[in-house]
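Before any comments, here is the structure.
By written order: A, B, C and D. Residues from 1 in each chain.
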Amino acid sequence: MTRVSIVGASGYTGLELVRILLRHPAVELAHLAVREPAGQRFSDLFPALRGLCDLPLSGLDVEAIAQGSDLIFFGLPHTSSMEWVPRFMQRGIKLIDLSADYRLDRADLYRTAYGCEHRQPEALEQFVYGLPEFNRSRIAASAAVANPGCFPTSVELALLPALRRGLIETASIIVDSKTGISGGGRSPKPAFHYPEANENLAAYKVGRHQHEPEMEQELAKMAGGPVDILFVPHLAPMTRGIFSTIYARLRETADTEEVLALYNEYYRGEPFIRLLPAGEAPQTRHVSGSNFCDIGMAVVGSTLILMSAIDNLVKGASGQAVQDMNIMLGLDETLGLL
Amino acid sequence: MTRVSIVGASGYTGLELVRILLRHPAVELAHLAVREPAGQRFSDLFPALRGLCDLPLSGLDVEAIAQGSDLIFFGLPHTSSMEWVPRFMQRGIKLIDLSADYRLDRADLYRTAYGCEHRQPEALEQFVYGLPEFNRSRIAASAAVANPGCFPTSVELALLPALRRGLIETASIIVDSKTGISGGGRSPKPAFHYPEANENLAAYKVGRHQHEPEMEQELAKMAGGPVDILFVPHLAPMTRGIFSTIYARLRETADTEEVLALYNEYYRGEPFIRLLPAGEAPQTRHVSGSNFCDIGMAVVGSTLILMSAIDNLVKGASGQAVQDMNIMLGLDETLGLL
Amino acid sequence: MTRVSIVGASGYTGLELVRILLRHPAVELAHLAVREPAGQRFSDLFPALRGLCDLPLSGLDVEAIAQGSDLIFFGLPHTSSMEWVPRFMQRGIKLIDLSADYRLDRADLYRTAYGCEHRQPEALEQFVYGLPEFNRSRIAASAAVANPGCFPTSVELALLPALRRGLIETASIIVDSKTGISGGGRSPKPAFHYPEANENLAAYKVGRHQHEPEMEQELAKMAGGPVDILFVPHLAPMTRGIFSTIYARLRETADTEEVLALYNEYYRGEPFIRLLPAGEAPQTRHVSGSNFCDIGMAVVGSTLILMSAIDNLVKGASGQAVQDMNIMLGLDETLGLL
Amino acid sequence: MTRVSIVGASGYTGLELVRILLRHPAVELAHLAVREPAGQRFSDLFPALRGLCDLPLSGLDVEAIAQGSDLIFFGLPHTSSMEWVPRFMQRGIKLIDLSADYRLDRADLYRTAYGCEHRQPEALEQFVYGLPEFNRSRIAASAAVANPGCFPTSVELALLPALRRGLIETASIIVDSKTGISGGGRSPKPAFHYPEANENLAAYKVGRHQHEPEMEQELAKMAGGPVDILFVPHLAPMTRGIFSTIYARLRETADTEEVLALYNEYYRGEPFIRLLPAGEAPQTRHVSGSNFCDIGMAVVGSTLILMSAIDNLVKGASGQAVQDMNIMLGLDETLGLL
């Protein structure tokens, strides 16, 4: 059994990780650590798991956690991860960071997106971007993985085959995403106050969301050249789910069935990609609580419309992290996730 | 035109008051004041009213507000009202307080319910409890009104005829209420964080809600003797609405039609009470945004089940306050409310 | 007082019309008619209006309605309106149809969009498209108005100034709309069954929605040449609201402030258009229950992102119909709507 | 491996059963049968399970199903089960019916509650009421189990210890339940139409719900004498969950801690009962998707307030059915459910 710990276990991604790992036959939970322990158990914070996970929430005792863990998930907020992750490196422990701190290749991109200097820029190249459908073998060979962001996951999985096969123009891809409120995290904020969020739909961070550099970085690798996206996220009145509608220009005439055939061929054998019949749209409800990414598409004129639905906390965060863990440990990739 | 101001205009009750008063043909809004002005307009805080109410949010300048107002609504939180209300008394200005600070008759009850000493206990007797269906003439004669709480309004209106006519036992009346989240106010709190409140129903403050003393005080006046209620509120995943289900023991055998006939007779002519046909249940959606209280009932055995639905921000707060204002000003009671 | 009737009063648009007209000082409701009367009153169908509108729901007695009405709103479903509207024409009665039956200029477009032959193609040219911000004087001069669709309203109002001023390319405008469920009407259907619609977001009728021809027809008039849009609607888990995000290519370099200045100038004096500060996004909650269309925008590179929010039942249907009525009757356009 | 089939697999309970059984290590799904097969697969009906369960939906071929199954769950509607269940009896196949058809002991009670004659009254005594916490050994010994209703489960589990230990009076126990909309099933109906159910709370079937006879029958067995309950259900705007608030009169003075101690002792070792600390209220969100019943309580005066939360589709239906299956098969009771 692999001993797994979570550093920064008090957020929604922490809850989702524990939910998934409790069902995983090959791991046992070791430490659940938080920055400000208050003598609580995990289930005091998350009563849904009372009786299922009553482990104590310990403080960030680096030595104790390092000694007791074979693999560590980091669920700390952006900019906090890079404070703690370095202390666990070079110890033979596998690391998976769910924050954005190690996703970008360049420190200057990080500074622009997250507003502060990166504390450990030299480590950036050690972290593999944890999108299995794109980086499987590199993830398998790595000791450190940066788990992708939720929006980037939904967008990159939708575009990957089209970009790899040169189907679409790479300038001005439009991405219109709609997310549930849990994506904003566990801390109360005015925009997430129930009376403000309920019965409401609104765009935010229009064209300036911090996930755009991450998306363009990875999409460029997929395309083999620069990719320019215009990303507009929207908050929707639901707890979970991301639905991304992507508009791209086809390089050559094609119809929906042809593109779908290409996607089916490209994603053959992928355990967590479900391609819908031509013209059928995915629904976030159908992936709720699961690690699937459902993709639908329709060609209208010379525009390829791609639609992807994921659960922002599962395939968009903790589920994908466990999928990466399975790969790093040489286990069946779907273990604990189906 | 009556010049009306709101002291403490930045909460949901403030927004609802302004919405209603903008349509009121006999008043004009004078001052909208907040404790910590930040150079904003009302519509900066509440963009729904952009173009409808762009008045500035001023500070609590007592002299300026007093000089410029004929009637003042207080939308400050509990314990804050009693700091500011005294400064506006004895000036010939009519006052309507939406907080709990002047509802209770006795300072000791207040201390128990709200956890601090009342600052102006001598003024308590000057404030009339603003439930029009019970206190109409006293409200009309008063210069100061304490607007009832939301739960108390839904419960007292449902029980009033039964208590006045001695229909039911007054010991152990059970009140099971379900409220929308806006009742908790505008400040983000963990319980009101969308992912916590959505898809969730839970009781809270079981048997110890601060509205119980207020309810027992007024119900006792209606009954002409002590009334003991057991009150359990629940948070429901919606923005507006209170549904109260009340279980009382009949003193004598009666059927639903008989009790309904008594209610119809008692409430004849009441502009904001709607009695439903026998056995039909009210729905909070049917009173959403309106000042109505819908009441339904069913006799089962020797138990009288009363059900009432109100909009917690309208009949449960701001609508009722305007209804009180109309009475105090000698206007048609429904002005601005239909 | 103008005597106003509603033919086809049993849908959500009927309810919204009555809500608005009850507050309108210059009209009185005459007939509320339905195809299959069952001896009910309007408030039996819509208990929210009990005590406010207890008129009976009569059958479609053409003569009685014609005799008793100065203006008639038609709230019948698409394809049904054109069965009944002709019977009321040429009688000196003003007609406003809320269905799609008279919006399109050409019968062949209608056949393609709605799947059947138009029954009264010769009358199409008599109906003015009821978008006041575009057709005000023609509406004022007309006896027959075809009220625009909900999505088209949100899209056309957002694009009108940009098209009139030649700001944007007219090929491949992308429109990504998100709507509340009430847009689907009052009849239960699997997609609108609460457990299916709640906690769910999904696209539908991708690239083949019946509103596309209507939008392209009107946008072409605004642009003075063909306009090609790609329209993808999505169902969002809320009752009311439409949020449309529109992506258009600027013809010449401009920044957000410049475009906003142009919009402010173009829409100066428009009572129901609210333009938000640069980069701020509208929210459907802020227009809920009101006739406003809130518009925000951001220029990113050479793309102009336009965002508009309306209440699908108000500015997207019944509110706009009353706005048209006010124009046709020579009344203040905002009467009953503020 | 036990071969398990579902007769009547097209409802929400069918979906929940399949979800749970897919994770069950000791069973394999054999037949998923519906009354009106249309050549579909299970995942065509429930796309959330695409790739997880693509079994075909077959027709009700009694012989084929009987030959191929060791245990059958019946997910047919009330009154339909008793048409089909008899054809599978006396074949050595274990049967678990999720409808109400075999829950009541007497055919006359059934007629009153469900409005028609029972087709197989002689079989009623063969079915054990499937509440494990009460009937574990009888379930283990039986070949036929009638799975309890959702409301009855939430109420009976809350009252069981108090009744068995004679803590409370058995006349006039008040039960106020709040349920999510999925309890109404998969067929669209006006009350479950999203715009009608959203942002709405309302009581229904006041004092005349068909679950009352079932509850009184089982509670009487627990108490050793007649129990009279008054049951008022309410629809709440959420998909899943039942929260029941129960008001009972204590026979002798006790405080919350004493009653809680008794419950802890009575329910010791029960894998799916979670008792909350004194005064803490359960939340439906904390049991969402799980087979737990969370119970909280508070003594106020001489009233014992019991609160229970379950997921109506899991512990209220399919989860409990699988728990019963485990018992009948002599497996660990929690298999597939944690």
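The rule we apply is simple: a contact is a pair of C-beta atoms (placed from the backbone, for glycine too) under 8 Å apart; a residue touches a chain by one contact, two chains touch by 3 or more.
Everything numeric here is computed off the predicted structure, so don't read it as measured data.
Chemist: What chain is the most remote from subunit C, judged by the mean position of CA atoms in each chain?
Modeler: Comparing chain centres, D lies farthest from subunit C.
Chemist: Counting C-beta pairs in contact, does B-D beat A-B or the other way around?
Modeler: By the number of C-beta pairs in contact, the winner is B-D.
Chemist: I'd like to verify one number: the distance from the centre of subunit A to the centre of subunit D, where each centre is the average of its C-alpha atoms, in whole angstrom.
Modeler: Between these chains, centre-to-centre, one finds 37 Å.
Chemist: From the C-alpha centre of subunit B to that of subunit D, how far is it in Å?
Modeler: Here subunit B and subunit D have centroids separated by 39 Å.
Chemist: Express in whole angstrom the distance between the two chain centres, defined as the mean CA positions of subunit A and subunit B.
Modeler: 46
Chemist: Which residue numbers or ranges of subunit D touch two or more of the other chains?
Modeler: 198-199, 237-239, 283, 285, 288
Chemist: Residue numbers of subunit C touching subunit B in their complex, please.
Modeler: Result: residues 22-23, 47-48, 50-52, 198-199, 274, 283, 285-290, 292, 294, 338 of subunit C touch subunit B.
Chemist: Mind listing the subunit B positions that touch subunit A in their complex?
Modeler: Checking each residue of subunit B against subunit A gives 12, 181-182, 186-190, 192-195, 197-199, 237-239.
Chemist: Could you please specify the touching residues of subunit B with respect to subunit D in the complex?
Modeler: Per the touch definition, subunit B meets subunit D at residues 172, 174, 176, 178, 180, 196, 198-204, 206-207, 228, 230, 232, 234, 236-241, 243, 245, 247, 279, 281-285, 288, 296, 298, 300-301, 303, 305, 307, 309.
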